[in-house]
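These notes open a run of structures that come right after.
In what follows, subunit A forms one complex with subunit B and a second complex with subunit C.
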Partner chain A sequence: MRKITAIALLPVLFGTVPAHAHAFLDRAEPRVGSSVGTAPRQVSLWFTQNLEPAFSGAQVLDSAGARVDLGARVDPANRSLMRVSLKPLRPGSYKVYWRVLSVDTHTTEGSFSFHVGQ
Partner chain B sequence: MGDLLIAVRAVHFASTAMLAGLFLFVLFVGGPVLLRASSGAAVAAFRTRLLAVGWANLAVSLASGAGWLALVGLEIGGHSSAELISTNLLPILLVDTRFGNDWLVRWGLSALLAVSLLRFHREHSWRSRRESWVAALLAACLMGSLAWAGHGSSDTADWGSVHLAGDALHLVAASTWIGALPPFALLLASAHRIGGEHSMAMAAEATLRFSRLGIVAVSTLLVTGILNTLFLVGSLPGLVGTTYGRLILVKIVLFGAMVSIAVVNRFQLLPQLSDIKPTSGPALSRLRRNAWIETGLGFMVLAVVGALGTMPPATHAQAWWPFPWRLNPEIFEQPGQRLAAAGTVAMIAAAALAIAGALYLRRWRWPMIAAGAVLLVWVGSRVSLLMTDAYPTSFFLSPTGYSAHSIATGRQLFADHCASCHGAEGRGDGPAAANLRPPPADLTAEHIYSHSDGDLFWWISNGIGEAMPPFAIVLDETARWNLIDFIHANADGRRLVEAMEQGTTVGLPLPEFSVDCPDGRTVSAGELRGQVIQILLAGTRSSSAAAEFAGPDEHREPAIVVRSAVGNSPSCSVQDRDLLEVFAVYRGTTPDKIEGTEFLVDASGWLRAIWWAGLTPDWNDPAVLAREITKIRRTPGQPRPATTHVHAH
Partner chain C sequence: MRSEPESTPREASRGQYSRLVLRVIALGACAFLGASDALAHCFVGSRFFPATLATDDPCVADEMSLPTIAVFNNGDNPSAREVDISGDFSKRITENFGISIGETWTHLAPPGGPNANGFQNLDTAFQYQLLKDAPHELALLAGVVVEWGGTGAAQVGAERFSRITPTFFFGKGFGDLPDSTGWVRAFAVTGQVGYSIPSSASTTEVDPDTGEISVTPNPQLLVYGGTLQYSMPYLKSNIVDLGLPDFLNHLIPIVEAQFTTPVANNSGLPWVTTGTVNPGAIWVGNYFQVGVEAIIPINRASGTGVGVLAQLHLYLDDMFPTTIGKPLFGTAPPPQKPFP
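Moving on, here comes the complex of A and B:
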């Protein structure tokens, strides 16, 4: 019985192995899923590879779906770091969407949330 | 579109390799050999054929290169092909990206190679040896510059340029061998057609020269190939457990077959060409046939390369371990078994030596095979000593990065799904534990550190026996990784408190965090390294000196205050619910009861000590605290056994 369960689960596990493309979000500030007391003035996204600035971007949306960012740009000194400037944020939940092109020509995208206020 | 990209890449690699290989062949093999050829007309016909091969491959290389660029453009823009032309995507792609720049440079190189082909003369190749060198160099650059379109270009680490240079050399070496094979086969065909003693000598010299060139190419391929595999696959599980790694294995097998054929050519067939013998005619035919077989194998390698570049390298994918056991990494750490394990390793080495010796020492062949077999049987009976159970997910790496959020999420999940059997603190003593066979594991015991994250992931996902149900059905993957992070943090907390009671030393990893400082800066935990720091969980009720950070609101959660443990530097603080939960896990309580708890973190960032009101000795006594800090500064932390908590990708 246990063996059958295990075999039945194989495709489940196999299928959910993340099909990574190439530039992954290494970490972010505010941290992925975190709650911060004070409103950040920007979101910083560190990636595992250098990005192509011409084809990399990010947006920050509030819970109503309105854009609260002032644009994203790749740091010229560190091409694996993208900064998104923010309008003044009120307490609430925010979602960051990013879509980037790594220098080895692979596009990746993803999103995460953070929360402002207690 | 993925399959189309693979095909276009494969065609581009093959045609560029053939183009580059042709120039390298003329420089190192064809040119010198043909100088001494007697039959002018036949040699001119051979050169005409070479020129046709060159033009054809240049055309295919340009067309497939343009196709590759278009496919990349389509993928980046997510546009239809009509839009790709109407929008300004293509110029931006060419001018503003590394890939586009590489393509511009490579188009320039292709143009120069076209000029070079125009100057190639059917009577005497190029006018001078120098021109032949320049042409070969340009061709090598065209091949090597493909490295900038591959994975090597994106390596941001310090060794990125080594990786890139290795890639470029690998490509040039591959074209030197695979790309020079068709011209070599054509040369042998011409020699066969002309016939006679003189052409046989020409074929022999060409084979000798090609074989020398091949040795250089194969050694370069070996060294740079191993280097690239280390960069992009990194480990045995990556090699056998990912699609990328398995394709590398296919490539290695094909490479091995090519080398074997080359060895036969060099040591078996070449000697038969040296003088006119009855066997030299058939030997020449076999050489020609082998050259085409090698070319075919080489194209298969290039097809694999076409696919490899489109998929994530093994270092970025989860490795699915195909064996039910793996090497036990702790075998050499257990004093009782160390000797036995070392003995087994020595026996394996001896058996391998005996069998390798049997291949070379004909006189001792049978005794050595017998000795090797006896050793192998003996090792076989003991090899289980070196091995430990493994599961398909044993080498999976946690994608959570051991974040405070993950540990906090895991804490709630543990309370909901696990505590009834494993107990609230994970000691295996939950209310439902009594009737379970096997009994639930104590998740705070030392053994928890000897299992990889991937092992824990497998057990949580699939259950254990009849007692533990498979949680893959109820919890998604992230939730299961969150649980593993909590289990580690919880076990760490129990070890920390135990070490305080017994006066022993531990060093535990903290999740990443950052705090706000009075000067307006946000400082990360990493930036605080280099000094012993004190962490205080300060609330209005806390007696510690940092109570002012809690603010006036009595119902507010404690603030996490961080300051240098020595000196009088200003304190930084943060309100961070997740981090508060983590500190509560260390203390073995809930966040509402954690106020007043203090921690010490050493200069390397290891969590070293915990204290709360009521514990002796009392940290409120400055002398006691100073003693504790001095102790931490003098003794390095004993980091807990490494888990596979490698940084998330």
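Moving on, here comes the complex of A and C:
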């Protein structure tokens, strides 16, 4: 019982639990692994936590490894959303690489593909 | 929860789940200042290795497992019903060096009684992160696990001698396979192998009734195990978003296995490998995870029937990022702007 009590007091001893954690990719548009008929003008990435804009970014490469994005930025009105503007895309496969810093200083990264055209 | 060696196959099944867990912050010691990103619990590139229940993950971290509960029929003859309730606390001293402390309370109910209760020996581990290779989702960890003899209750099998177990841990995700392999990339494996050395070569006991003296060797043991896991979070965020219910997207189905094999100083005792195979699943959240596994003994010496193992595991680095959730000494390299 003493141990249980001690654990229950942890938040009191070390501060309240903040609403921060690692930022996971919650969803994306185009959707992860999807095929889209029309070339998107941007990639939108929604994360599970707010991001530090100065240390968060993304890039999009085509199947030849050439960069096809025009830059990424965290939405000032929704800091869990990152938008990546794209050059006009031809039919083919593209890969999105992202690396972000959540507001609690934890870094996470990932990548996924999407396909343009049928 | 950490798998620990035991002195005999009979006790191995008991000890495999009777590991503690109340981890304490160790002050002082150590000066291993290394350079790894501020990833805290076990992130390696895009891969997250969850804390596993019967073996150990390949990372140092600020975390706590409390409680871990195991209910099973152990390898005693006749088999006793055993309940282990344990806690484990892990603390990073620096970015790459961590210490953990664990304790287990055991209840034994042999057929016909009498029952026995008590704490197992105190466990500690000292671990150093050798490598985190993000592109290849590869993590390597070296450590020394120490079971402190004489700190537990003899009636539940705690030995009077200590055990020192140098152990190597690894984790490998398959996300670096070609995209054409599709959903296979969500698989990952972890493993560990250790060599357990007792502090005393033998144990001498005197029969209280006859006065007869018996000397039992304390064997050296190979302690090893691993996991095969499939990450639904990885599938959703790195391979294909199937639009599954959110609960399923947080699951990591897993099969763990752990074994103990006597390899030396075992004369007069059976050279039997004991262990269990544990299929189950771990649900991963932002601040904690919950795992449930079945315990399937591999032979009679490992137990009878199917038991159950459950654990609540807390990510202290996420819950308390500015206090107990960060290393005691040293600082992580400053973040850098990605994709300049």
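To be clear about the criterion, the second predicted complex is superposed on the first by the 97 of 118 C-alpha atoms of A that agree within 3 Å, B and C clash if a C-alpha of one lies under 4 Å from a C-alpha of the other, contacts with A are read in each partner's own complex, and residues count from 1 in each chain.
The definition used in the following text is that a contact is a pair of C-beta atoms (placed from the backbone, for glycine too) under 8 Å apart; a residue touches a chain by one contact, two chains touch by 3 or more.
For clarity, every value in this text was computed on a predicted model and none was experimentally measured.
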Inset, instruction - Pick one for A:97: touches subunit B only (first), subunit C only (second), both, or neither. - result: second
Inset, instruction - Quick one: classify A:80 as touching subunit B (first), subunit C (second), both or neither. - result: first
Inset, instruction - May I ask you to decide whether A:55 touches subunit B, subunit C, both, or neither, giving the answer as first, second, both or neither? - result: both
Legend entry - First (subunit B), second (subunit C), both or neither touched by A:111: second
Inset, instruction - Please work out whether A:31 is in contact with subunit B alone, subunit C alone, both, or neither, and reply first, second, both or neither. - result: both
Inset, instruction - Kindly list the residues of subunit A that each of subunit B and subunit C touches, one partner per complex. - result: 10, 14, 17-18, 20-22, 24, 27, 31-34, 48-49, 52, 54-55, 101, 104-105, 107
Inset, instruction - Report the residues of subunit A in contact with subunit B in the complex, numbered from low to high. - result: 2, 5-6, 9-10, 12-14, 16-24, 26-27, 29, 31-38, 48-50, 52-55, 80, 101-105, 107, 118
Inset, instruction - Would you mind writing out the residues of subunit B in touch with subunit A in their complex? - result: 72, 75-76, 92-93, 96-99, 149-151, 153-156, 309, 312, 316-318, 320, 392-393, 399, 401, 403-406, 409, 461-463, 465-466, 470, 472, 477, 512, 514, 516, 522, 524, 556-557, 574-578, 647-649
Inset, instruction - Could you pull out which subunit C residues touch subunit A in their complex? - result: 22, 37-40, 43, 45-46, 64, 66, 87, 134, 179, 233, 236-241, 243, 286-287, 315, 317-324, 332, 335-339
Inset, instruction - Note which residues of subunit A are touching subunit C in the complex, please. - result: 3, 7, 10-11, 14-15, 17-18, 20-22, 24-25, 27-28, 31-34, 48-49, 52, 54-59, 72, 93, 95, 97-101, 104-113
